[in-house]
Structure formats: structure tokens, C-alpha cells
Amino acid sequence: MSVLTTTADAVSSAIDDGDTVYLAGFTHLIPFASGHEMIRAGLRDLHLVRATPDLVYDQLVAAGCASKVTFSWAGNPGVGSLQAFRRAVEDGVPNEIEIEEYSHYGLTARLAAGARALPFMPVRTYAGSDLPAHNDNIRRVEDPFGGGELHAVPPLTPDVAVVRAQRADENGNAHLWGISGEIADAAMAAETVVLSVEELVDESVIRSDPNRTTLTNRDVDYVVEEPYGSHPSYAQGYYDRDNDAYLEWAEASASHESVEAWLDEWVYGVDSRREYLERLGADRLLDLQPSTAYTTPANMGRYR
Amino acid sequence: MTDADYTATEAMVVAAARELDDGDSVLVGVGVPNLACNLAKRTHAPDLQMVYESGTIDSNPSKLPLSIGDPVLASGALRVVPMFDGFTTYLQAGRIDVGFLGGAQIDRHGNINSTVIGEYDDPVVRLPGSGGACDIASNAHRTIIITPHEERRLPAEVDFVTSPGYVGGREGRAELGLRGGPSAIITDKAVLRFDDDGVAYVETLHPDVSADEVRAATGWEVEISDESARTAPPTPDEVATIRDELDPQGVYTGTD
Amino acid sequence: MSVLTTTADAVSSAIDDGDTVYLAGFTHLIPFASGHEMIRAGLRDLHLVRATPDLVYDQLVAAGCASKVTFSWAGNPGVGSLQAFRRAVEDGVPNEIEIEEYSHYGLTARLAAGARALPFMPVRTYAGSDLPAHNDNIRRVEDPFGGGELHAVPPLTPDVAVVRAQRADENGNAHLWGISGEIADAAMAAETVVLSVEELVDESVIRSDPNRTTLTNRDVDYVVEEPYGSHPSYAQGYYDRDNDAYLEWAEASASHESVEAWLDEWVYGVDSRREYLERLGADRLLDLQPSTAYTTPANMGRYR
Amino acid sequence: MTDADYTATEAMVVAAARELDDGDSVLVGVGVPNLACNLAKRTHAPDLQMVYESGTIDSNPSKLPLSIGDPVLASGALRVVPMFDGFTTYLQAGRIDVGFLGGAQIDRHGNINSTVIGEYDDPVVRLPGSGGACDIASNAHRTIIITPHEERRLPAEVDFVTSPGYVGGREGRAELGLRGGPSAIITDKAVLRFDDDGVAYVETLHPDVSADEVRAATGWEVEISDESARTAPPTPDEVATIRDELDPQGVYTGTD
């Protein structure tokens, strides 16, 4: 059963030093507020897993929270490379990190196997690639129906998954729309789940459309209402990506010194997402508002 | 700018767009591939189906997306699926006709490196990694590779095979059970195809590019079958579509 | 690309004697109109596959259309057994049929593998059961990560899938809600797809809510608008299950003679679903109407 | 009707309902299991989560469903998932605490036959088959088996193991890597449990049932550890809930 709480409490209760943590979301609904809270909490020795360790993992790595990163694409999407991540991998700054590497399909297949309790998932990829030579978790399996060998990956079951959605009730029954990426599988694969949403709604809203439900209360441990919790990534229907922030990070992360200054201002220098948003300013938030475009309702019918 | 009324990057985008057939289902990458696909859809391929790694099917973006997970790719799409479904029921199941790929290094067999320059365990440059590229290169019915034409980007052999092309030749790829394979390398200087052994050769040089210039910028002794064979230049319409509609700020095409 | 047509034309164009056909839908959205059209078309030697070969397959078997049935649960749901199916299996009436048998998980896993082009799907079921001893398509596979053996099933790729949804545009982009069962995987696994819907809508309705889309035009070959095409099963939000019809079938199927009389009246005796509905009568249809209960819309946002 | 104010079927439904703990996630079958679950939810287990094979999660049916795919199971549910997701992310992943199962034959090890009476290839009676039963018996944390108490339904050994109980004993089940196992057989005459060898014995007889009656109706020499141990009778409240709310037409409980 889930507890309704704050981001700070959810992070401190759910995540311990040394945990394997998956902050989910493919370019959409990235849990930035929780990531910043993890930095403020001073977590260490984390094994950070994420298909796309973009800004939020660059920031966690820069802050010295990680000892290992498992991933499939490490970049600043649409902008360039992850400079803090590269400093850690190439030069051990601020600390050495181990890496474990997949393609998107392989990593999402690991989550799919984890969510479904399968001992492995066969995948048609990696033949001819050098990736398996550097990753013992990419192996070959024999098709029992005579089709020869193909590759397979084992389940991934993070200690903690931190995921976002647009709306949930206070028990953690959540609706998510737009790009869902690997969010559902990451949550279903994890031991402990922190769900952070743009807004809390009545349970009747969720039950009105059960086909849109992505997670239910029994799979969620902590529920947090955190508006703009995904800035500078976006929440479909709520706000757009703040592209300036992605460009600013490219500059701020150019050296370890400038990264530390950025963290001082935007993470250590605020005590909550609300203070972060205050610093960001209303103008900037207003510029990210889309106009409204509702989905056409479906009639579920009331049967008596 | 060259003497012509288009930049070398625009020539690359246009040549890439022309690789797409109307009705193709294309897995689009961000940046130049995205420009090429949107150009094709606005010109000769209105029924192009644009699919993104993020799981959006038949996206109809109102503006050029900033990333492959931009909200404009979901708003107005025909369908949005979880990533795992996209990689399995779409890509692995053979529903993707064309994949667009780039990379830091592309070798003569069309193998792509987007992982590391130098040794894997002691990198000179750590690159972003595969993303979906290995999966796309393995499962799309054909792939189109786009790259600026520079010697360091086109070595005889890549430092690391992230995404398989013809591996050690066409037979090598077939033996591995991989679908498809690269059909072209589109650069800002030429269009390259693959011969029967799976080795890339220059099919056409772009209008103002010399054969020597291409030889000098290619990391293997590239065959140029016919030095007079030229890529058809971008039309004014194509250039106008890029400049006015697709990349008005010149983010991808502004500098040459 | 898809063709907008009638049920009769879709069935005669898509299905040939000897084909492997999957009529999808788990108690919901069962393609009865298409099934009846298959009987009228006099199709023979079909390999009928369906997790739950309920009334529609009992009718096809009774009419002599099938030479093989692959299934996981053959019954009249909530009522009793499938008497025509049993006559065929036990007594070869009206003809012998071969059977191939799974559990629900095994059969849906076969569709999942088919839809995803996997050579097999590992499944944690069948250990200790006698089912594998009678089905060479249930085999064992070795976990390459050292977890020992488990069972696996091969992909199922029907020649034709016939599926229903509540609404689609004329190209076959379809929204489906309520219980979706195995509908999406059956369609994605099949070579040819017939999609039959309660109502055609504008493409903008589908595009307003892409997360609800179950099938798109490229995976559909024939699109049919056939209101009440799932009677006596139900369409969520459109009509309820007609339980009297399920009870009537239990009586009508008690002997091969009474089945033939039923088929004469309700299948051979009408030339279309419209005539079938006319015979059913407006009263009966009105009694199946639910009251309206719309899903709460989601805001997709308009981004410029 | 017996002398008591409830039928034997009602006694079975009530005994089955009491097997459920508040908060359990239960995979519900149609018919008697459905009655038992809905009774439990309306009495001692308001937080029972009812999941159906059709993929509905936390159904909240406004009336007793006619089948496990009834629209009332989707309307107002917390979530609806495709069948494959239900069998994998819910059942296989261990999210189901309790599965309710019935069958034409249940043997002393709790193995269930819902496939065939007689030989598989030459059936005396062809039964509906597994449905999800084999999968539920293999993956739920515990299963509760419900059956009318008749000798032909409770043979020493089933003709066909559709769904594994303790197979050849508790060790046999553990060796097969199966989760859970049957925790009880609830009949209209008694509550049976499984001993350390995985063999069913009578824990309690229902109030008006004699030990001899049960021995005569059981296909193996069933141990009745204490003939005076009696199932607590249905309360008037439980009976009223069944008759007034759950099965007012007496479809499942009307005939005794």
C-alpha cells in the first residue's frame, strides 16, 4: 500500500546508499524533482540505471551520487553529449564510475523480463555488434523449436523506480498519456516505487477510464504531488520542454567547476521544487504552456 | 555557402529525403534525419509514416521536434506505444521499412560506431552509445546512413561496431540472420551505395564536389565508378521548404 | 493499406478454405457477424484458433467449417459446455476435428511471440501439467543465465485475424476500450486482418487520443462498419451481453438436428447482420443498452 | 434445503469466502468463486482486490457478472490490461495472492482435471480445458479449490493433470519450481487441508454432515483427524448477502 508524502520524504524513505535506482521516462515525464532531491540527500554509491541518462543523471553523476551507470544512450537529447558523465567515464571526475551498456531494445527487454518475472527475454538484436563482447548479461539462447540461436538478456529488477505520471489519486492509481517509454515496466520491475504526479485527482477520475491506468496502488509505495516536477523535460498537456535549460546545461556542464556552481544555485541552493520554480520565474513557466486539446471521450457505459 | 543556392548540409538533407519512397514506414532519428523525413513528407512522399524510437506511430509534428520524444510527436499521432512494444511489434516484427542512422564512424561495410573512439575500456572519446541504433540496423528492411563526409568519420574499419552494417561483407550479414542492411551512405559530398561484397562505393558526387575531394575525405580507397555521375541538385522548392518551414532558425542547416 | 467494405466482401476476400483463422476477443467484442458470414460463405477445412472457442466457434464447427481447433478453454461462458464442439471431438459429428490445446497463458504467449516475431516465448507454466505430453508445441528451453529449464511456446501467425473494436476511421485506425483480451496481439500476429467496428469516426477522433489506438491502418486489410456485429456478446459502452441468447444456444445445440434448425433460422435464413438484427427485434436490442458513462478526457495539449 | 437456514452450496460459498484475507489480491473465476469473493468483499474483506482472467484489475462490479469478461468488471475497475499482461505482469510476477479453481476432478494431491474424462485421445467426456487454471495453479501464492463433494469428482488420482496441485507430493511441487500450491479444498460437505506430504485431509466437517457421508463421497481413504471439528456455520448476514445482493435469482445457490 502507498503513502502520500513529499518528494523529500519519499526519496529519503525509499532510497539508500548503494541501491540500484531507475529514474524512468523517455524524454517525457523525467523525474527531475526527485533527482535533485537525491542530490540534496547526499546519496552515494548508487547504481543508476536508465535507457537515456540525460541531464538528470549527468547531474547525479556530477554530484558524486553514482558508482555505476547502466544505460543505452547517454546524451543531452537534441543538444550534444553528457559532459559530466564523460568526465566520470573518461577521467574519473568526481569519481570513477563503472558502466554497463545495452541498446534501447536490450535495456527495455530487461525491464520487460523483470516486470514479468521471466528468467530471460530473447531479443533479435546484437548479432554482428561488439556490444555483447563487453557485457556478460548479453548471452545467446537456443530456440527449442529449431530456429538456431539468438541473443537474450536477463531480468532487471531495480531496488527503486522513480516514475512520474500526469495524474493519480492519493493511493497511487495513475493515468499517464503521451509517450510512456519504459515507465510502466520500470515500475512493475522494481521492488519499491516512488510515483510523482502533476496533480492528484479523485479515484473516480481514474476509475472512469481504466484502460488509461498505468500503475495501481499495490505497485506504488510513495505518492507525491509535485507540479512541474519534470521541468526542464515536459509533461504532455501540462508544459513543454524548456529547451533553454538543456542548452544552459551544455554550458554549465563544460567543466566540473561550472557544474558545481550550477548545482549550488539550482539544487543545493533551493530546498524544494517550489523554491526551484520560484527561482525559475513565472515568465518562464508561462512560456511553456500548451493550449488545451482534450482527448475525445469513450463511453464505458453504466451497466445495471 | 557554396556557389549554388544551397549549403552542403542542405544537399545532404535533400539527397537523404529522396531515398524515401512514398508509403515507407520510417524510423526517424532527431536532427538531420528528422529534417530529411519531414522534407520527404512535404514533397514527394506525403504518405510517409514517421515512427520514432519513443513509440509514436505516424507522428504529424506541427513543428520540428527538439528531441525524439518531443510532445509534438505524440499530439496528433495515430498511436503511441510503450518503447518495448515499439522495438518488438514494430521494429523486430518487420514493420519498419527504413531506419535512418548516423554515427561518429562509419566504415566501408556500413558498420556504425556510436559507442567509443579508442578502446572500450580506455576511451579517447566516450560517445552516447547505441540507443536504438543497433536494433534498427538489425531489424529495419533497409537503413540509410547520414554523415558529414570527413576522413575521421569514414575509416576503413570502425573502432567499435555498435550497429552492424554488412559486418565482414554481405555474406557475413546474411549468416548472422540480420534483416535488411544499409542501402546508402548519404554525405554532404556524395551518395554511396554498396557493391556485391557489401563495400561502399560512390554512386554520385554532389554537384560541386570533386572526386579527389571525396577520395581525400574517405578513409578507404573508395571506388568512384563514374566521376561524371552527379547527384541531382536540390530544387528551389526543396531548399525553400527546409528554410521556411523545417529549420527556419537554421539549427541544423545554417552553418556549412 | 486497408479497404472499406462489407462483412460479406471482407470474409470472401480475406479467408480461403484451409486457412488458419483467429476470431479474437475475450468474451468482449466477439466477431459474431463475421463468423456467421463465414458459415454462409461455406468455408471448409479451416483451422480455427481462439483462446475461448465459445458460441461462435461452436456454430462454425456445427456448420462443418472446421477441420482443426486450437484453443485453451472451450465452453459456453457462464452457461456450460460447447455441445457442437464436443460432438465433433467425441463423435466426429458433423466431421472429425483435430484439436491442439494450451492454457490461456500459453496461447496468448504464442500470439505475443507471433506479433513480435520472436522464435519462442518462455513461459512459467506447464510444469507438472499433462498438457505438454499432448502438444509438441510446448517444449522446454534452457535459461542462459543459469536458472535451469522452463517451458516455451512458438509464435502463432494466423493467416487471417478477424477483430472488432468500438470505433475506427475509414482507414482502419481503431480505438478499443474495456476488455481488450488478445485482440491486439492476434491482429499484429496475423498475415491478413479484418477489422469490424461498431461505428466509423473521423480520423481526428482517433488522433485526438493516440494512447487509445489499438490498431493502425497499415496492419488492417479490410475495414467494416457493422453495428451490433458482436451480438450476442457485447461492446463496452454500446450494448450488453444478450444472456438469453447464450441460454438459447445451450438448448439449440443439444443435438445436431436442433443446431441445424438454429443455423437455418439465424444464419442461412438471413443474408446479413441487418436482417439478423431485424429478426432479433428492436425490443431485444433496446434491453441491452447501457446508460452513458464517459471517460474523463486527458489534455494532450496543442504545442506550437 | 437442509434443516439449517442455508443450503449446502451456500455453506460452501461462505466457507470459501472465509479463506480470503482482507487485502488479498484474488484471481476470481466465474460462478461459485465469484460469489465467494464478492461475499468476502462485502463482509470481512472490503479491501479484497478482485482480478479477472480477462485483465480487469480491482473490479467493482455493480451486479454479479455473467462471465469473467462481463462489462461490469471493466466499468469502474482500476485498470484493464491485455490478457498477456495479466498472465505475465500480474500472475507470473507474483502479484496474485489467491487463485480460485474448480474442476471436474480433484485428486488427493490437489491436482485438478478440467480437460478430459477418460483417455485424452479417446475421451469419454471432453471438458472445457485449462483456460487460465494451469497458469493460476502454477503462479498464485496459494490456490483454493472449490467443488461439490462427490466421489466421481474426488478420485484418488485424476485422469489428466490440467493444473498441478502437489503433483506427487509437496516435494514434487517444489522440485518443479512452482509457486504456492493449494491451501484448501472447500466442498459442500467439508473443508480439506493438505498434510506435510501434500495429501488432503478433512479439517472440519460442515455442521450437518457426517464423517461417513464424507468418506463415502471421497475417492480415497480420506483422513478425518477430528470428527467433532465443525466448520462454523454461515451467519444470517452472510446468507442474506448471498440471497439479497449476490444471487437473487438463485442461479448458483438456488438448488441444493
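By letter and in written order, the chains are A, B, C and D; residue numbering begins at 1 in each of them.
The rule is short, and it goes like this: a contact is a pair of C-beta atoms (placed from the backbone, for glycine too) under 8 Å apart; a residue touches a chain by one contact, two chains touch by 3 or more.
The model shown is predicted, which means the values in this text are computed figures rather than measured ones.
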Subunit D and subunit B - chains in contact with each: A, C
Pair with more cross-chain C-beta pairs in contact, given A-D and C-D: C-D
Whole-Å separation of chain centres (CA-atom averages), subunit B against subunit C: 41
Whole-Å separation of chain centres (CA-atom averages), subunit A against subunit B: 28
Where subunit D touches two or more other chains, by residue: 56, 70-71, 74-75, 80, 88, 92
Subunit A residues counted as touching two or more neighbouring chains: 117-118, 124, 150, 177-178, 180, 211, 236, 240, 290, 293, 300-304
Pairwise chain contacts under the document criterion: A-B, A-C, A-D, B-C, C-D
Touching residues (chain side subunit B, partner subunit A) in the complex: 30-31, 53-56, 66-71, 73-75, 80-84, 87-88, 91-92, 111, 115, 120-121, 123, 125-135, 138-139, 160-164, 167, 172-173, 176-178
Interfacial residue positions of subunit A with respect to subunit B in the complex: 26-28, 51-52, 71-75, 77-78, 81-82, 85-86, 89-90, 101-106, 108-109, 111-112, 123-131, 134, 148, 150, 177-185, 234, 236, 240-241, 243, 246, 290, 293
Partner subunit C, residues of subunit A touching it in the complex: 117-122, 124, 137, 139-145, 147, 150, 152, 154, 166, 175, 177-178, 180, 205, 208-209, 211-212, 236-238, 240, 290-304
Partner subunit D, residues of subunit A touching it in the complex: 115-118, 173, 188, 206-207, 210-211, 213, 216-219, 300-304
Contacting residues of subunit D [partner subunit A, same complex]: 25, 49, 56-58, 60, 62-63, 70-72, 74-80, 88-89, 92-95
